[in-house]
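Each of the next two complexes has chain A plus one other chain: chain B in the first, chain C in the second.
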Partner chain A sequence: MKIVGVTACPTGIAHTYMAQAGLEKECKKRGFTVKIETQGSMGSENELSEQEIREADVVILAVDITIEGQDRFDNKLVLEVNVGKAVTHPEQVIDQAIKLVESNK
Partner chain B sequence: MKNFFKDVRKHLLSGVSYMMPMVVAGGVILAISLLSAESTSKGMVPHGEIMQFLNTLGKAGLGMMIPVFAAYIAYSIAGRPGLAPGFLLGFVANNSVIISSREVKTGFLGALVLGLAVGYFVKWMKGIKVSTTIRSIMPILIIPIASVLVIGLAYYFLIGIPISYLMNGITTLMGNLQGGSKYLFAAVIGIFGELDFGGPVTKSVSMFTLALINEGNYFPNGLFRITVAVPPIGILISTIIAKNKYTQEERNDAKAAGILGFFGITEGAIPFAVKDWKTVMPSSIIGCIAGSIIGAIGNVTVPVPHGGLIVLPVVGNKLWFVVAIISGSMVTALMLKLLKKDVVQEELLVEDQKIN
Partner chain C sequence: MIRKDLIFLGVDLESKDSLFEYISKKLYEKNLITDVNEYVKVLKIREAEYPTSIGYEIAIPHGKSDCVVEPFIVYLKLNNPILWDQESNSNVNSIFMIGVNNDNGSNIHLLYLSNIARALMDDEFREQLRISETLEDTFNLLNEINHKLEEEKVV
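Our next item is the complex of A and B:
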């Protein structure tokens, strides 16, 4: 399973990065390839490349605000959740993402 | 409908996130310029030319915050074409205009409504099917002019006066807080300020106190900015005074949380709240109420939208601010000591083995 995602919270200093860490940790635990872009108060960091997005099975957006470059994911399977969910229950978010992928096979 | 409100919330938070740095820069520089100011009948007058210049810089930041807020709400809804009309209407909301020979200034609330209105209007306009010749002049000519005229006139004829009444009502109410109602208000800020440790509820409280900063009332923000630091610092203290209630890993996490709390970031408390919300949440709320009420006794004011001890240089009634944060944190720590169960011995053993 290949997962990419974007995290973004209003202040862009804490939640954004905690959500990134949560998702990455959970994916690594399950042996998934993962890359999470953060759109915090420093702008976009760890940016997703076109190829990474193309190869991903599913896109997780853990966002409370409107993000830059949403159109990159127009033709992808997208799971959108609140930032808080990815901070407190990343395992549930990944479960949801897997379910989404399986129901679209 | 639920989705619509969820979207609106997202757009408002986007506006706030772009506005934040503007207010921080403006607020801090303004506060610096007033450090050596003389109090005169015309209000605070900065001392010397350079301070006067800093004063201008700071006021520019605060003056820009409202237009930026409106613009990026509209941007979040409609994309790029929303920006210009959002800036323009936000600027109007933040300045006095005459409507039916009454002076109307709607500030933060007006910018919020106008930003949403013009955002959705522009989004609707973008969807209109037009011939290719007109299509090319839509974004450069038709959308900016039509959206500003339509929403601007709606402001004049319909929504301007009611919003200004509402805004004046809130401002007057907040300005006249005294005695019992003042402490009740402080308690409410304490309850909701960090209810979800920096999540949506916190951000709503933050928007409310920001709106009042724009009206020149720094007191509600002062109380809120005390509560920001209380939960994480409280947790840090509790790991020191009640070591047996935490695992080694938690004690390390608490140090990081405490440092975050010092910098006015509550989120460090989240991992603790997630693991054991039944004890962490009530402890945090009671500590926040205590801190907020002590802040109210000392009339603490904070002119910038950030909290924790890091903003101390610009705080009004500094000593009370520090006392409020420390006492609130102590209350949280003692509550935690009281409520939390000891860590089960086995877990400790396993950890000891790991360490060895």
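Our next item is the complex of A and C:
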């Protein structure tokens, strides 16, 4: 499974990065390939490339604000969740993402 | 980035409101904010959007305001946990309070804050933090993140 995502919160100083760490950790635990872009107070970091987006099975948007470049995911399977959920329950978010992938096979 | 004089251990407080007041007054005394009421208000607005408790009895209240003189991070450990969020019934005894202003002149502070945020998702780091009882141990643990930044030569 290949997962990419974007995290972003209103102030962009804490949840953005915790959600990134939470999702990365949970994916690694399950042996998934993962890359999470952060759109926080330091701008966009760890930016997703076109190829990474193309190859991903699913996109997770853990965002509470409008993000830059949402149109990059127009033709992708996208799971949108609250950024707080990716911090407190990343395992549930990944479960949801897997379900979404399976129901679209 | 973490300052020893912004670490408070073994504090007795009974509510989130009194905690915000307590820390904000300290910040004002140290000239890190220019207005106690304004900063408390910003913190409360942020909490109302979505409570900043992250599980593990940790919360990270934060405020972005022009009354913040320079970015800071406060670490405070309570003697007894307080109720943070009624809805999720979450109790909190360790608090990281973050302040930033609207002028992101120095990204070094922000980088440090983002590294702390990431570290909090690490089980081992949280455990070390939990068992750190002295000011010295706590400071050293939090300061390690500074060293890591230096090693990456971004400072």
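The rule is simple: the second predicted complex is superposed on the first by the 105 of 105 C-alpha atoms of A that agree within 3 Å, B and C clash if a C-alpha of one lies under 4 Å from a C-alpha of the other, contacts with A are read in each partner's own complex, and residues count from 1 in each chain.
Please note the rule applied: a residue touches a chain if its C-beta (ideal position, glycine included) is under 8 Å from a C-beta of that chain, and two chains touch if they have at least 3 such contacts.
Since this is a predicted model, take the numbers as computed values, not measurements.
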item	value
Chain C versus chain B on the shared chain A, clash or fit after superposition	clash
Which of chain B and chain C A:S49 touches, first, second, both or neither	neither
First, second, both or neither for A:A21, with chain B first and chain C second	second
Partner chain in contact with A:I65 - chain B first, chain C second, else both or neither	first
Touching partner for A:V87 - first (chain B), second (chain C), both, neither	both
Where chain B runs into chain C (options 78-86, 132-140, 222-230 or 348-356)	222-230
Residues on chain A lying within both footprints (that of chain B and that of chain C)	10-11, 13-15, 18, 41, 64, 82, 84, 87-88
Residues of chain C that touch chain A when the two form their complex	46, 49-50, 52, 54-55, 60, 62-64, 98, 100, 104, 107, 110-111, 113-115, 117-118, 120-122
Partner chain B, residues of chain A touching it in the complex	9-15, 18, 41, 63-66, 82, 84, 87-88
Residues on chain A engaged by chain C in the complex (per definition of touch)	10-11, 13-18, 20-22, 25, 38, 40-42, 64, 82, 84, 87-88
Contact set on chain B toward chain A in their complex	9-11, 13-14, 16-17, 20-21, 75-77, 196, 198-200, 203, 260, 265, 267-268, 270, 274
